[in-house]
């Protein structure tokens, strides 16, 4: 039998002895560390750590055992501490509007077993992708904007809660979330913006990019906050373009980057590699 | 004897028959085309063309001969037409402040014979690079900001004119040019901005980028216009960065991109590959 | 009514007057050129041209009209000349084995109307993707390797011919084609190889790449020839990797590049942008 | 007074408790960890660690103090352990032949204070760069190939030893080192190869790349071993090229990549970020 692995995430104020305390607790619990990264931000004075380990001894086997082993260190350094069995797949709800490339890429990676998530549902304000989603055996929630925005959003959040989703992925969902929902989903909602932020915030970024005559376009995956397109960035990627490409061409070229960037961000979040550090993120690769 | 080549650049309103008229004129003059690109912008209705050719016959040999051959076409389509012997090196004046990496890269490429320019001088508001510049045998013009800005700028323009410079390259020159000088040098002044424009205009872009937590930094070479950092973009490039890199690290990483991007832009301009198309550029690669 | 566009492709020995002859023929036929590129290879002495134009006058309307107009130039310079209505979608047959990411990407782009092709069928030596393909309404041809290789390949070619396919795309099809089939499909068969050729030819390139400890992996789309993995390259792309990524991780990372690179190559081929130049290709972007 | 930092590097067989032992030893010595990365290679069973720390207490101040503190852990796990004051600059000898772009870039970065090395000398089999090197105030050793190769190489190694150099950088040095010298400099000699290895080993890689018609070129920095161009790779980078670029153009484009890739590899080596893992390297970024 293959021993399960655990993913430990820690955030606290930086100090002498944190790594020693954590590593010693793990060693005492016969945990074999297979991956580990830490980072102390000198500006914010915060310390971040991600460690993957597996049990090797008979006494410490499950999550509760290791939480107990880590408790003194956690208390001593006042840690935000999270411990996840690595095999546990994060429950993800996807929201999409008409453009389907990000959805399609996520579903393909999920179905191929390459993305460590469970897609618990897809919500959309359009019915376009219902057939695709249901073909994958995933519940499709059609939430049109026919009623007022607040009602529609309320239903979306109901789906999120009723499916026990841990993450909402806005895979080209063309509705701005209310401040209230942003607040509720803080750190649990990832958006793909189809530009290299902070350039070209807001609507029609490829048209803005074409008008400005840039030679490189990009895409940005970020946590959603109340400030539109201002949330902490998780991942970005760029691609060269030329003068003879129209705004439509830029949009087409950009689709590939968007899909890849969003899937990376979802993967890293689901693997507990991403931690928020003020307006920035720490991403342990 | 190797026949000289000529570089023909054309801009006019798009219409049926332009290529035919130009190509026929060249064929009648026994010109062998070695490179050619054209582009019709459907939005602006403008047509752009760059053609490199060499004489093959006895009657048409020099610039004047070909201008005569092209005159009817030029007149018929009301062309902006430029014709340069390819071997003619563009006279370039470089302006620099304290950071020397762009200057160093340009001088190295120039000295290695890789950049088709003549560096006719370097101006600076600091004396730091005098020794390097003079070691290369290039006149160094020290123009400190001790007097008023207008006077200093006047002297800079005097150097530009007295050296018969055709291009002013702002190779990390940390002074904003006046509207008047921007006007005078329209299309003849290239700046390197140390960010991926339009992100992070203005001062200290790497600090802005670090504060925003971007995962990719960039550099932008553009023509200088009165709107700071808003001129037509010639070239951009990007590079990945990570959460553990300080603003200083971003600045260091960015230097390599800045030097490369600026040298490319200068090369392309000097090879007459760049044409302005409103706020954008056409770059024939 | 929107006038149709035509795509003209020319290959011939380079000489004075080719562009003039073609452009004059088009101008006389009242054709408005919207895109054009040419390239003369000084090493091989070959000339390549791609021109997109639309009719503007009453006399020349359809393909036959323009072929007539171009005939004298074609004859004079002994041209390989191809003329396609731009709206005509290329008929494409896709071959795939077990890995489905390239197939999925092609089908998604095709269904979204972004790829100017008609997928006339999918052949596979495995049944894995039958359901996906048929869901898209595309005929699926299951051609297992149960019989001898020659028989299976014969059936594949029968499908190619019976569907009037113009291009066979090997979208991670894990069977080596026979010399005979390579010959028959010369210039009409594109393969994606999951490495940055010429590195890591043959089997399991990501394992080879991992063993060699490269810091960048890649993918290559190329025309299939009798020399395995040696055909003319159409497109390549790369992606950075790190020491802590296993061969499996490289394979996963590489999938995104493979899908994008293959789709680009198919698009460019279908838009008649690619011409063979000995063992190399000219790609008019 | 700013406290000095130390860089600790460890390599040993992987086991439970290594991080705990090291971190505890450092914590007991009042060391504040500012950076740390480790990696356990499941294939080779090796563990690698790089930790940067600074003293915070009165008892442990200098290198010897910390070596003492770490000794029990080092012994227990049979570690290869290296401890360097971060401010200590690595002594580097550069070898170069005619192409000067890598040398120029290294010298510029060094002179700007951006590269944490001391350049103790430059050796060359050509006199071309003597003036540049001496202008920088660096001893230039002209070692022409007039005598037999063994004698010349013997002199090179004498310079290496007499300057107490810790690293030999082959910055486009066009001589193959003997097996014997490779052996002597194992892990202390970095070469830049002007291709994306393992593609295009050996001579004239840009000509090979052009002949093969690749769409991307690259450069590779690697440790030198007896197997030419087969040593462990430290860093690679790539750049797109097009069909209309000659082998000479590829060589020119490649120069920028070569200079950047080599400078990165030298920086990382000098910062003790690179560790050999069989034929591969671990690079802690």
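When the chains are written out, they are named A, B, C and D in that same order, and each has its own residue count from 1.
Please note the rule applied: contacts are C-beta pairs under 8 Å (C-beta built on N, C-alpha and C of every residue); 3 or more make two chains touch, one makes a residue touch a chain.
Remember, it's a predicted structure, so these values are computed and weren't measured experimentally.
Taking the CA centroid of chain C as reference, the farthest chain centroid is that of D.
A count of C-beta contacts for the chain pairs A-D and A-B puts A-B on top.
For the pair chain A and chain D, the distance between mean C-alpha positions equals 36 Å.
Separating the centre of chain A from that of chain B, both taken as means of CA atoms, is a distance of 42 Å.
Among the residues of chain C, those touching two or more other chains are numbered 35, 39, 42, 242, 244, 285.
The touching residues of chain A, when paired with chain D in their complex, are 14-24, 26-28, 30-40, 42, 56, 240. Those residues of chain B that touch chain A in the complex are listed here as 39, 42, 196-200, 211-216, 218, 232-238, 242-244, 246, 277, 279-283, 285. Residues of chain A that touch chain C in their complex: 35, 100-101, 104, 108, 112, 114, 135, 242, 244, 252, 255-256, 260, 263, 285.
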